[in-house]
Every structure is written in C-alpha cells, then in structure tokens.
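The structure's right below; bear with me while I get my questions together.
In this document, chain identifiers A, B, C and D correspond to the written order of the chains, with residue numbering beginning at 1 in each.
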C-alpha cells in the first residue's frame, strides 16, 4: 500500500496515474476525491459534510468523519484481501490524520505501507490551481504546508520543479512490486525470519 | 446495504443519486464505474483488464476479477464498520455474480442487504445509450436481460416508464434507514422476536 | 439550423445527441452549456457573468450578454459558411431571447431555422435534476415554464413521457437534411417558387 | 484574438485558463477540443471524422475539414462582433494549418491576432500525457515538433520548465487588453506608426 499526502493542486493525482503506469502489477487508486464523490450531493455543502469556503478553506462535519473512518477500514480490508492500493489524501489534520490511517491499518501499517509526502511550493501550487480551473482559488495555498505538519514519511517528492512521472519513478523504486503485498504482510507478522532486511 | 443490479444505461446511477437524496441518513455510493476508474489506465483495454468490443460486448480478465474480489471485501468491510452503502453493479455473470457478493457479504448478507433489480426494456435502454453519448453503442441491448438471469431480488423496479426518483422512493420505502444498518444485522440474525413491530 | 429551447433538466442535451445520431449529415452542436464553458472561470460566479442562486435562480450580467451576442453572431456565421448547426438554449427572457436569435439570424432566420420547444413537466424535470446530481436544485422548476413564454415554435416535444430518441426522430422528420441548409436558405430567399409548401 | 498552437499535452489548456484569469477583460476560449466535442459521436471514430490510432496518430476526414473551416469562420465572426477570443489549436498541418486561419481571418489577421507557439520537449509532454491519463499514449510525442513546422509566431513559450501561469503572464504582456480588440484592428490599419516593430 502506498499513501500519498499533499495539499490541493500539489500534483498527487498525476503522480498516482504515473505510478499505475510504471508499476508492473496492477494497483487500485482511491483517494479523498473519490471518497467525496461517493457522498450524497447534499453533503458537498453542508455542516455535516464538507464545505469549501470562498477563501478555499475546507471544513468537515461529524457525518463526514464517521463515513471517512469506515471508508478507511474498507480500503485496508481491500489490501488484506490481496489488492495493491494507492491512496492520495489531504491530511487536513496533519499528524492526527496520519494517526487515523495508522489506526485503521493495524498490523498492515507496520511493514506494508509506503508513506509519501507530496510537496509543492505554495506559489507554484496556487498557479496550477488557476491553470486547472476546477478548484476554488485559495485551497492550494491554504493547504500547502499545514497538511505536512508532524507527518512522518518514508519518502518525499517535490513537484515544484520535478515532473509527475519522475516523482512516480522515485516512489516506484521504493516499492517491492514483484511480491504480493498482502502475502508480504502476514509473513512479516508471523514468520520472524528476515530480521536483517527491512521490508 | 443496498445492491442494485442492471444493464448499462438502465438508469442505475440516477436511481442511486435519488436514493442518496431521499434517504434521511447519508449513504455512500460505489459501483462498477467507480471501481473501473480505480484501475490502471492500461487495464481499461487489455486482456487482463476490461475490454469493450465494437459491438458493446464486455470481457474481463483474471487481474480484473482478482481486484474486483478484493474490492468487494473492502466494501463489505465499510458496511461492517458502520457505513451505509449503495452499490450499483452489472452482473455480467448473472446468478454467479450475485453469489460472489453473497460470499463477500458473509453473515451481513443474510439480513442486511436489499437486493434490487433495475430493469429497462432493451429498446428503451438502447435509446438512452444514444442520448447519453458516452457509451459504446450496443452495451445496453447486450446486457439488458442477461444480467438478471437467475438473480434473486427483494424488489424490482423498471425505469422504462418510471422516473428515477419514483423508483428510488419505492426502494427507500423498503429501507430501514432510522437504525444503524451495521447494528441491525446481528440483532436480526440472533433475535427472532420482533414479529409484530416493524423495525 | 435547429434551435431547441427548454428549461434546465428538460432533456435538451439528450435530444441533441440523438439528433446528431439520426440525422444522416453531420451537425455541429453548441449551446448555452458550451458557451458558459468558454467564459473565464471568474464569470461563473460574478455580477458581470452568470450566477446561480441557492434556489436555482439564474442571473446574468452585462459582460455575459455582450459576449453572448457576439457568440450568436459567430454561430450564425458558421451556418452561413455551410455548417449544419444544432443549438440548445435556455430562453431565460422568453420571447425576448428568441428575438435576439432572430436579429442575429437575419435572413437565415426566415427559412433556414427550425424552432423546437422542449417541454417537460416541472415535477418531472425537478426529479431528473436530482437524478443527474450536477445541477443546483430548483433550476428545473424555476425555468420549466418561463422559458417558453411568448416563444413561437415550428414544433414542440414533451420529454415528460417520451424518450429523447423518439423526440429526436420527430424533429428529424421536419429537417430537410438531404439538402445543404446553407444553400437552401438563399434559394428560398431568391427564388419565389415553393410558395405552397412550408419550408 | 490570441491563437495558441502546440502539440497534445504541451499545456495549452492550462495557459488558456491562466490567460482568462490574468487578462482584465473577459476573453472567450475555444479550441480543437471544444470543436471535437461539438461533432456527432460517430465522427469521433470514423473515416469522415477524426480517428486516433493506437500509436497516437491522428487523421481527419473530409467532413471534419469542412465543418472545421465553417467553425473557423464563425470564430472570426465572433471577434468581428466585438468578442475577445483565445483559440488553442493543434496545427497538424503545420504552416498549412496557420494559412487556413489566416484565410478565415482576412483583414482581422493582419493586426488583430497574437500568434503564440506553445513548445514542450517531447519527453516532458509524453510524461504529462501519462499523468493526465485521458489521452491515447503517443499523441504528445507524435505532435511535439510537427505542429510547429513552418509556423510563424509573435511569441513562443516553453512549458517544459515554465509554469502555465508564468507563460500566460508573458503572453498577456503582449496583449493590448485595455482596448477593444475589434476596434483596435482598424485603428492599427489606419495609423502607420509602429514601422520598426513587427506586429
């Protein structure tokens, strides 16, 4: 499992598509965008759901958090069932958001996850927000730094001056895609052999 | 959990959005479209993934089936974690496709699922396929009947002459949305008393 | 040239795609949606552009009207240059909106245009607005009747209980698609023969 | 009027959205993508329309060329009617494609158009093609150079290592957006000052 975290317009989705192209095995891609798409339309703009203010600030409500927690459990269950999964997320809560994933991951999280920080200079991300044209202006700048606060990564990439494909190749080099990640996880848990090599 | 099954262009997506609007609690919506979106681009048109022939016939490969099985496990895990979930699917294998869901559902499937057949006359669905303009022509007619073969439903709706919203209201009337569906399942399974009061 | 007028969620786009499919010659399709897509993002929600209120009411500003007038001139120029064109529009101003097209059309308007009213019962359109899920709720009901006030049609269709494809076939039966519509117009204007058959 | 020419995935659309954001007056944006969207679905993959081969090669037929010529006439008519218009196009025919625009432009073309070449290194564009995920792979590389052959520009930008917004600012600096572009053309024609700088 690969979890990418970065602010809006930092380039996560492009990296995900490149990862799916360069990794030899098929990986499923989910993320906060596909989760929000799964919500009822009325939760897109409500106190219980997710709301984007005119300045690009994002707030989420109790129903949103409860459904998101269940969604995380489901994603982890897909990994346990043998699927390779890439997640792109926006850790609005910084370290607390990472802990929510770690809690859902349980023992999978110890060895089976590659944590990737996707950085992008605030001004660059803000420019790309204008170029893509489908986001409330201000989200990119508001999220550029805050989503990384206190988060611990295995690897960080910076899209400010590096293409998505090059970032994806750097990430792919850290993924053991030849093995089945689901089988890797229990074997790490149950078989104490392999003590000298970090998985 | 609600599982809708119907052929391409039978009107499933519209019913799902209406269900999300009329049901008082928030329901997450997933389906074969969002699953395919999660696949690598190269699996959209390959032997290992999913391929749509010029006549609208659909074939899927081994990688597709394996990832789909893991995805079903994950969706069921979301339900176990407390989320209300609506699935819209195309049972290309008819009864065999339903059995795959039943296997993934385990004990949830006994009481916690409402199976809904979404029918649409072949000629009507074929016309709507032209009107929407984003599907290979022929899929609607090819799937209209075959996806229902041997499938057992709690409820069937027919969109040929009934609006999506009206179909959704009929389905919603069968859903006990006041309780938490995750908690309802064990209580229904274990406590046979409740014969006189609708839950 | 074919000009369809109807409220939001009345089914215009589906009819347009079906018309493009059933008419033997290739027809270009433009409309208020593609015009709005051509505007700067900041005009989507501003006093000078177009604004959709929370209740689905739509208001447009001076810049919007000026650009729309130039756009209409351009569309008519495409027809004069030999293109077959289908327009789907929302006559928020009723008869005044039709007159704006007639002014832009000039002599083309006399014989070369088929005016089509696309009706849909307000409650049905409101339900379809929920089913499509990408429109502010209330637009369909707000526009269902007002857009037709004082407008004169060659043909009206009602999508409340008639499929898009059937509506398109009724419209296509009134189109002389074997001839070149651009060449047809001057011949009607210059040659007074054909006095007994409506063009 | 601004006409941008560049290969697939060279970054034209992002520059267009940035131009619409930074230019003080409202500019309409059209291009080959919106033109293709206006075609009947059957022309997307046919001998008479446009076809994209498995290697990303693009071929267009006679109906396509005829409709495109009429579309260009219409776009120029919008400019004559007072609209500021940005076009992003892919000159598959190189200099011949530019001449088609010049023919349509007539006298507007002499002074009222800013020709912009959008360059992107072939390998970079190919990587972005993977990242966006919605284009046949190979188009970017196939078009990167050929579309610029023999084309004469007022200005060239290179998106390989320059952000869309920065490119747009360079272009905007060459646009006299304070004046009405339609009125600017005759005034440029009548005042022979500016003899030393090519327009």
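Throughout what follows, contacts are C-beta pairs under 8 Å (C-beta built on N, C-alpha and C of every residue); 3 or more make two chains touch, one makes a residue touch a chain.
Note that the coordinates shown come from a computational prediction; the quantities given were computed from them, not determined experimentally.
Considering the contact criterion stated above, the chains in touch with chain A and with chain C alike are B, D. Interface equivalence for A-B, evaluated over A-D, C-D or B-C, points to C-D, where over half of the contact pairs coincide by residue number.
Set against the Cα centre of chain C, the chain with the most distant centre is A. Averaging C-alpha coordinates per chain places the centre of chain A 36 Å away from that of chain D.
Inter-chain centre distance (chain B to chain D, centres taken as mean C-alpha positions): 44 Å. Averaged Cα coordinates give chain C a centre that lies 27 Å from the centre of chain D. Looking at chain C, residues 17, 21, 41, 133 sit in touch with two or more other chains. Interface residues of chain C facing chain B in the complex, by the touch rule stated above, are 13-15, 17-18, 21, 124, 127-128, 130-133, 161, 163-166.
Those residues of chain B that touch chain A in the complex are listed here as 17, 20-21, 26-30, 34, 37-43, 48-49, 63, 66-67, 69-71, 73-83.
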